[in-house]
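Here's the structure we're looking at; comments come further down.
Order of writing sets the labels: A, B, C and D. Residues in every chain begin at 1.
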Amino acid sequence: MAKRIEDLKIIENKRLNNDFFVLELSANDKLPVFKPGQFVQVRVDGSPKTFLRRPISIHDVDYGRNTFKLLIQITGKGTKTLSKLSNGDFLNLIYPLGNSFGLPDKNEKILLVGGGCGVAPLLFLGKYLKSNGYVPDILFGFRNSERIIELEEYLEIGKVFLTTEDGSRGEKGYITSHSIFSNGTYDKIYCCGPDSMMRAIAGYCKKNNIACEVSLENLMACGIGACLCCIVDTVNGNLCTCIDGPVFNITELKW
Amino acid sequence: MAKRIEDLKIIENKRLNNDFFVLELSANDKLPVFKPGQFVQVRVDGSPKTFLRRPISIHDVDYGRNTFKLLIQITGKGTKTLSKLSNGDFLNLIYPLGNSFGLPDKNEKILLVGGGCGVAPLLFLGKYLKSNGYVPDILFGFRNSERIIELEEYLEIGKVFLTTEDGSRGEKGYITSHSIFSNGTYDKIYCCGPDSMMRAIAGYCKKNNIACEVSLENLMACGIGACLCCIVDTVNGNLCTCIDGPVFNITELKW
Amino acid sequence: MVNLGFSIGDLHFKNPVLTASGTFGYGPEFDDFLDVSRLGGIVVKGTTLEPREGNLYPRMAETPSGMLNAVGLQNKGIDYFEKNIYPSISGYDTNIIVNINGSYVDDYVTLAERINTLDKIPAVELNISCPNVKMGGMAFGTNLDSAREVTRAVRAAYSKILIVKLSPNVTNIVDFAKVVEEEGADSISLINTILGMSIDVEKMRPALSTITGGLSGPAIKPVALRMVWQVAKAVKIPVIGMGGIMTTSDALEFLLAGASAVQIGTASFIDPQASIKILEGIEKYLIEKGFSEIKEIVGYINRTK
Amino acid sequence: MVNLGFSIGDLHFKNPVLTASGTFGYGPEFDDFLDVSRLGGIVVKGTTLEPREGNLYPRMAETPSGMLNAVGLQNKGIDYFEKNIYPSISGYDTNIIVNINGSYVDDYVTLAERINTLDKIPAVELNISCPNVKMGGMAFGTNLDSAREVTRAVRAAYSKILIVKLSPNVTNIVDFAKVVEEEGADSISLINTILGMSIDVEKMRPALSTITGGLSGPAIKPVALRMVWQVAKAVKIPVIGMGGIMTTSDALEFLLAGASAVQIGTASFIDPQASIKILEGIEKYLIEKGFSEIKEIVGYINRTK
């Protein structure tokens, strides 16, 4: 699938809460078929502190309207600038980038695990799985109830479980201590979130012989395999998160 | 008069034409009494290409409403960014800076000469002169008629003469070739505009024994006498345009 | 039509816009964004004799108007290049230049000999300026004797166009330029990255696994431009300038200062089409200013008062 | 309350935030914006024996996240300083440090002797790194023998605190640090500006009257930080870091890398209150991280793994 560089029009900038917002972007040309797990490289114009592009996952796609969404967490200067964009503004993107999550085997019991901005790619993945006949469970972790995003769309995909660190909603504690892991037996887990969370989930999966794919959030400069900055140490040597990933099967990683 | 650093609210951003716009700024605290010729140092936030502040003259003051105006010509990245500000945005300023134009002697016949963004300080100066009983003539030069700004307020001060380089309005040619200089005999000329224009006017004044003050537009880093970047070679050695100027009597300059 | 061509020795370049090593992959990474064959040349990834894994993650940090990298010459080695990469890129209708690196003089020599045999590679760029490897690299480029020795040895073993890429991390860049010119380099390219560092204040630790890394991007442009100007005045061979070129105007600064050509580096990460846009911009500038050949503006500021 | 104080020799500084020479005038320029006495110290304008007019206009050019200057040590000379400026600033309750400059070793020595007699000036900063003068300045700071000679001569003639300010325009900054430490400097400050250049492409001529000038501002921060880290590890005397510090976080990078204090330079042009804001920010950081003394974070990154 050819990569493109294009100015996309923002048709909605929806603030979910203090931390998260969703940009809906409209393309001039017909969108390519995106694969769940793919991402875009966003040019944040203007500030000397946002020199490089920012990688952001594809959160949702509407081929009918020829639009797609990015769910973004404000973590620094770049994402903050993006949060202030208005309808009608243009945003320069390189897309679509990266590999994608793999389909599970037939009839497998699936869990999607997301923490923080790691929930972003899981909506698109969840919808994709559903359209292929799967009914995954979904587990999200947030710092507290104020950070929780709207869950309606996820509820249409499958059951949604929550943890918050302060117990203000869902189970209290880190995502990895949710009771789902002692009760449920899954065949495959898809996971995206902070490194420490993904490592913990990967550890759990290895111990329990559960298939697991994680989507890494390594620092990137180019996003297209040219700079070799985003590498991850795998059983096959250093691979690029941007073109060989961002999705890796945990059996490939040296975790 | 103490200098301040303050975030001022933009209450109007009025586009005059392709090149010029006027920002009206509202201060929280009571404005100090400005002197004509003084300027502000504007922080253009955001872009790596506008690292330093931009010096801009005080164009007009309304003590009643506690507001003042900047007339800005779009000449590069910084002024372009400023042109996009919206009502309600804040702009960080250091002000008021610099010396000021001197009052003429009683009954002197006065001419104000402005080219390009050099017209900016002349409105404030003109109003000041008028309130002190003078009726100056005013001569402006623009590249072409499309660049001419609204002249109403200037017409309330005195007679207004124009040149455009293409002759599309007023007399054709450079400002210094206007017939006013062969006909009129002035006692004092106040001048602000491009270097080459000011030098030509200064030459004319010297030859004809006319008193003349010019407002220089030297490159500035700090605006407060700390960096010594804005110097002008005078009969008293290198002086700072930002604190010893921007207004200089041409007898001081080595032109 | 303006004539954008220039030559290094007998090697003709159709225009003065090349891409910089380590920032443009081998070319195909950019096929989706531009026609690589339109470029004056591409300098491919830093290549070593043996395969290298490079440095540990994290290898990158963003800095004001720039970035630090500590890639450390990750590449699959010359065998792999010859067998797998060379065939796939030799169809490009542009000058493909291989950037060669070693820990010892012999490494450089062997690499140059190997590349001498590759028909579609008309030139090598001798990288004596990589700040991200423990041995070789910048060590050669910050010591006059070593710079002389490695240039001499490669020159003796290699008959095609030899470009030597200098390190900016020296007191007097002109000394190095003169030494490599004396030893028979056909051209000098500069600058490689400037050694820098960044600390994550929240985590209280260095941002890079290697602590220090190479600074590139617009932040270094004034330093790069100064060095290119100094070197271009001091040597007779063509100089290829780089360091922070993002726009046409940036590229023109280097040409006006005396560079015969430019390389586009970090800019390609931010805009993969930067090199082509700059190429088009240079042509437009020449037309607007009424020049008919690129060489009329090369070193222009040195010819006027 | 946290203890922000530190000492150079027997000279106590109440906090580690100083202002850099040439960017803060003599202090009074900033009276409208902050209480100068709250600062750890101020390093006043570069001072020479005789009055100097400096370089021709234009002396400044903006660059990506930085600026070039070519002021060239414009100042009214030591006589004027002693008679007119010293009385007007000696009331500040902070350490006033004079930055001294000369064309010959003797100039530095005479200046140091003169300043030795001024009660309220507890220290000099020996500027062997100004890139904007033809004689002296950076010539001393880029040659090890000259750096040694001038430091030795001043040390012999001057009994108070001697800070030597190093030039970044060298291959190995550590060599220079060691030499000035050996010769009895009480502290090392770095970096001065990096030699750079800018061209006005429309006018086809250099942006500065002097063609080259000194680069300062955030653009140089990664290079400055790297040099400060290298030097702090190599010497025992306190290091004062500077170069592109705009924010608290920038200042903390230098402290974590090993600087005992920082100087705020170009930042004061953009925000005249930058130094005080950074001072307050450092205090807040220490409290949040649970430290009680500034020295607990100095060189922190070198103490952990």
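The rule we apply is simple: a residue touches a chain if its C-beta (ideal position, glycine included) is under 8 Å from a C-beta of that chain, and two chains touch if they have at least 3 such contacts.
As the structure is a computational prediction, the values presented were derived from the model and not from experiment.
Q: Just list the two chains that share the greatest number of C-beta contact pairs.
A: Going pair by pair, the biggest contact count turns up for C-D.
Q: Of all chains present, which has the mean Cα position farthest from that of chain A?
A: Checked the centroid distances; the maximum from chain A is B.
Q: Report, in whole Å, the distance between the mean C-alpha point of chain A and the mean C-alpha point of chain D.
A: Inter-chain centre distance comes to 47 Å.
Q: So the centre of each chain is just the mean of its C-alpha atoms; given that, what is the distance between chain B and chain D in Å?
A: Computed value for the inter-centroid distance: 36 Å.
Q: Rounded to a whole Å, what is the gap between the Cα centroids of chain C and chain D?
A: One centre to the other, that is 34 Å.
Q: Please output the residue numbers of chain C that touch at least 2 other chains, ranges allowed.
A: 63-66, 217-218
Q: Two or more other chains in contact with one residue: find those residues in chain A.
A: In chain A, the residues touching two or more other chains are 48, 51.
Q: Name, in rising order, each residue of chain D that touches chain C in their complex.
A: 63-66, 68, 142, 169-172, 194-199, 201, 204-206, 211-212, 215, 217-223, 225-226, 229, 244, 249, 252-253, 256-257, 285, 289, 297, 300-301, 304
Q: Which bits of chain B are touching chain D when the two form their complex?
A: Against chain D, the touching part of chain B is residues 2-5, 43, 48-53, 94, 218-233, 237-238.
Q: In their shared complex, at which residues does chain C touch chain A?
A: 22-25, 29-30, 32-33, 53-54, 56-67, 69, 71, 74, 217-218, 266, 268-273
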